[in-house]
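I have placed the structure first, in the form of structure tokens, so that the comments after it can refer back to it.
Labels for the chains are A, B, C and D, by order of writing; each one numbers its residues from 1.
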Amino acid sequence: MNDFLNYFSLNVDLAVEARDIVRGKSNIEVSGVEEEVENLENIDITTITIMNEEAASVMGKPMGTYVTIESPPLKINNPYVKEEIITAMSKSLTNMVPNIAPDSTILLVGLGNWHATPDALGPKFIEYSPITRHYHQYAPQALVEGMRPSCGIAPGVLGVTGLETFEVIKGIVEKVNPAMIVVVDALAAQNVDRIGTTIQMSNTGIQPGAGIGNNRHALNQEGLGVPVIAIGCPTIVNAAVIANQAIKNFCLDSGAMYNENQSTEAIKTTLSHFGGSLSVTPKEIDDIVENTSRIMAMGVGHFLFPGISTEQLELYAI
Amino acid sequence: MNDFLNYFSLNVDLAVEARDIVRGKSNIEVSGVEEEVENLENIDITTITIMNEEAASVMGKPMGTYVTIESPPLKINNPYVKEEIITAMSKSLTNMVPNIAPDSTILLVGLGNWHATPDALGPKFIEYSPITRHYHQYAPQALVEGMRPSCGIAPGVLGVTGLETFEVIKGIVEKVNPAMIVVVDALAAQNVDRIGTTIQMSNTGIQPGAGIGNNRHALNQEGLGVPVIAIGCPTIVNAAVIANQAIKNFCLDSGAMYNENQSTEAIKTTLSHFGGSLSVTPKEIDDIVENTSRIMAMGVGHFLFPGISTEQLELYAI
Amino acid sequence: MNDFLNYFSLNVDLAVEARDIVRGKSNIEVSGVEEEVENLENIDITTITIMNEEAASVMGKPMGTYVTIESPPLKINNPYVKEEIITAMSKSLTNMVPNIAPDSTILLVGLGNWHATPDALGPKFIEYSPITRHYHQYAPQALVEGMRPSCGIAPGVLGVTGLETFEVIKGIVEKVNPAMIVVVDALAAQNVDRIGTTIQMSNTGIQPGAGIGNNRHALNQEGLGVPVIAIGCPTIVNAAVIANQAIKNFCLDSGAMYNENQSTEAIKTTLSHFGGSLSVTPKEIDDIVENTSRIMAMGVGHFLFPGISTEQLELYAI
Amino acid sequence: MNDFLNYFSLNVDLAVEARDIVRGKSNIEVSGVEEEVENLENIDITTITIMNEEAASVMGKPMGTYVTIESPPLKINNPYVKEEIITAMSKSLTNMVPNIAPDSTILLVGLGNWHATPDALGPKFIEYSPITRHYHQYAPQALVEGMRPSCGIAPGVLGVTGLETFEVIKGIVEKVNPAMIVVVDALAAQNVDRIGTTIQMSNTGIQPGAGIGNNRHALNQEGLGVPVIAIGCPTIVNAAVIANQAIKNFCLDSGAMYNENQSTEAIKTTLSHFGGSLSVTPKEIDDIVENTSRIMAMGVGHFLFPGISTEQLELYAI
């Protein structure tokens, strides 16, 4: 499978998918990787902990805790399920992060490109997030008792700004001195069913190149000097992944023998106009991004501002 | 192949694809279907004419002329290729339509949903199209000599407005009495390579259900009482199409036997969370829609307003 | 004062302002005009009824009932006041309209231009309004028991579409046969304080030219054949109005003699680059339009769908 | 007049207006302020140089050169005038700035709020500007020979991000080390005629509080350590300014005696609901911002990339 992933330059953004790939058909537990599953009414919560560097290397993801909320109805606009997810996010984040002083400053970062719908999840998250830091300095009376300072930026993407995200965020961190950073980004899934239905939260930050090699420019504690929570939701999938899954299913049904190299070749031919690689997104992506970014903003909002109602938090968003 | 199309509810929007499907492997010419190909520097132009009702039934598309401009670089922002496409569109449209008085009113219709990026092609076409009808009544001095009256509407989609497109357009046609209607819509392709690279123009209008059965609500001459030119560009593809193509390629490479039923079953399983059907679009869809809608607006603009420069026409757009 | 209005081509859109202008300094009740005021906690409701054609001619507005909700905090994003306004709108509309069968179809029309912020109130109203007509035909099970069919369109403006609004709406009405039409539009105020703080509802429809002369193209019962409710909120004011008010106040303070002709001349000079006329809007207009269009959509929503919660109604908006 | 400005908290953003105010009726040249006027076909160019600190204090603006391009047709979409303005901007900027190595990096900053139309000038400027820095590192072959590295950011506003603009920009400057910064912002005018018709360019950067007092957080060479070009175009005017102008004209016409205190009082009363201060913008502001931001992006583009055509530069914008 790794050849397949490499050939199509596929990042495995979700820890639950990395686990499945590593386990493969054998389905043996990965050493140094702990897992806990909680099934609630409408959602399932899986907590994967990568305990040591060896496990990190096997999983292709940095050490740390990854909490995944899965809820097929997430992409439906169901107010009741929304509440359940928001509560689960807030609770999981509270458990995941080290103790942070209740009056410390938090920096929210929305990665991605405003001008590309499936990549606008991060910027939209910022738009819907409660921002309070300026009130602390200029209008403290406008705050609800106990609200901490929060600030937020959507730095854009290299192809639009000509600036590396790390350059922008590192610069801001040095001026603002936040106690923690929450980074939100759109993810790629290895399974089309996960688009708009899965939210992953981890305490590892975001490392370009899946944690291997150069760490200097990673949006994590090592790179930025403060704890970094990374939150994401898949909005795209590589067409090769869909095709490969279909070929596997075809082999299973028809008794033909699946062979990864031959599948890779067949998909290369199929997607030859795209250099063999094509990221796709459902045609309903505008709604999916709108819906999930709002839910994520409220999940993070309740984590950062415990005891404040959703209605009140919304008054501090744009 | 028709079972496959039926199972996944696939419309074959492009005549060049319908022809390929009908021909199948045999590659025998379809009786009653004429075809002409012109290769220019950066673009290929294929003209398919469906000559009689029998051929229409075989092709699953109404009688008439379908001109397809194919240009892989269309989705790249290349000014020179743009000009070539705009000129080809204008010329093809001029050849395709019956003689229309140079001072007659034209109604432009941009189908689709503003709020769903891959479906916003039609509304964006309207935004970039020159609109002049109001000047004729209120400020004729603001027109360049010889400009005809043009008007345009993006009626939205049933799921957003609660109104059938036909109801809205028929109502307007009865009030405005245009001499011709140009309808622009986003299409679905049977081949992912066509997204953003192919423009189809036909003199058949648009018929829901591929021309079979109820014609009362079709956006065509029968339904609307005036000639209707339909123009489209693929922006989505069904994931089943990509998967099926990959399975075929896999069978070819591996020597396994392709079987359409088994392929259909395998894809059904792969896409089970989507009821077996999932329309996808490249993640760069925002740029593709922006670029193609502008080109189509100018192609139609030069057809409607011969002798007026692009720069001048743009002054009459929003 | 009428010379002033005429000179600067000022429409008096609000009945409460027309009344003030007619009364003038004398402050005598206008014959044939009845008025009732209700003061609630955060809002004042004024109901003006123009009883006969003579009064209509004096007021420069058609016969009928005009309910005005005034609430300075409307433009503040205060959830409690919002609820009060929504309830008041719903109640006033219920009182104002003739009995309409609970299962009859309602057409919502959002006048104005998407691409001009102060004029986008109507289109945004449609975006936030519950639309159900298509569910009645295609998915009745998705409706809450008792929901009537509603449909909605934002026809754009003449300068963008080349189509008269009346042409578009009349055409749709003939196809859809609604039992009632609700038209929402951005208004001009004669007092800058009213921008974003006043909502007017009337059962008169909307008549270009203030009800005088040609009625054929009016969006009212005479023109469209069904009852038309008109709802509006001021988003612009003519700069001449601000200037004239300031000149009056200056004369009062300084003892100089106010003279309308001289004031008109002075303002003409001041605004000479704009042909003496300049419509302005506060720089916060994006927020004002966003906020008031949402409130209006919910006020109308509760009127059309009694007994359905705001949260549920929002599920039927885009 | 200064009392009037103070009372309504009016910033005099344009040097040509500061000069008029300082000169007052006497119309005597201000010591230490030099001025040069050039009249071209469709535009006038005024260069004001504030030579010393004393003149800076009198003018309320920092020492430096201010070039103002005035062109009433700027707000009209006239392609020919556009070209003239773009050329004049490029030439003025070239004259104004110190010699900068042709391969040095330039940082573009678009101040203001995406979500408030009259304040979106800066962010839109960034959107239309050519950005090349990332190509230098990752795809130099995609650059035209001789293109320098440019990068750009729209940092948002304090009320939306909770971050001081200075914090964001200073952080980025420390990472990117640009040789020069170009900051674009929407301005307030003292004369409504200037909205969308005037472009000011200066080599002084932008200093909050008009150059008086705390300079630590100024977007200028002192604060950021590199030369800062500031470019702006008025998009708003205080309603008090229009009213005061009208009162003056009224006094002139009617023979009443103008008195600034009484005028201030009258305007305070007129605008009492807005705390005596109300910034307004023409209702056509969406078009004005769109048009001027494009022109400014091309004016700066030709300055930064001499010899590259507008058409080519546009390929490097978003």
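Methods note: contacts are C-beta pairs under 8 Å (C-beta built on N, C-alpha and C of every residue); 3 or more make two chains touch, one makes a residue touch a chain.
Given the structure is predicted, the values throughout are model-derived calculations rather than measurements.
**Q** Counting residue numbers used by both copies over all numbers at the interface, does the chain C-chain D contact come out same (over half shared) or different (under half)?
**A** same
**Q** From the centre of chain B, which chain's CA centre is farthest?
**A** D
**Q** From the mean C-alpha coordinate of chain A to that of chain D, what's the distance rounded to whole Å?
**A** The computed centroid separation for chain A versus chain D comes out at 39 Å.
**Q** Averaging only over C-alpha atoms, locate the centres of chain C and chain D and give their separation in whole Å.
**A** Going by mean C-alpha positions, chain C sits 37 Å from chain D.
**Q** Measuring centre to centre with CA averages, how many angstrom lie between chain B and chain D?
**A** 45
**Q** At least two partner chains per residue is the criterion; list those residues in chain B.
**A** Counting only residues that touch two or more other chains, chain B contributes 115.
**Q** For chain B, which residues are in contact with chain A within the complex?
**A** Of all residues in chain B, those touching chain A are 72, 115-119, 192-193, 236, 239, 242-247, 249-254, 256-257, 259, 262-263, 265-267, 269-271, 273-274, 278-287.
**Q** If we count contacts the way the header does, which residues on chain B are in touch with chain C in the complex?
**A** 115, 126, 131-134, 149-156, 158-163, 167-168, 170-176, 318
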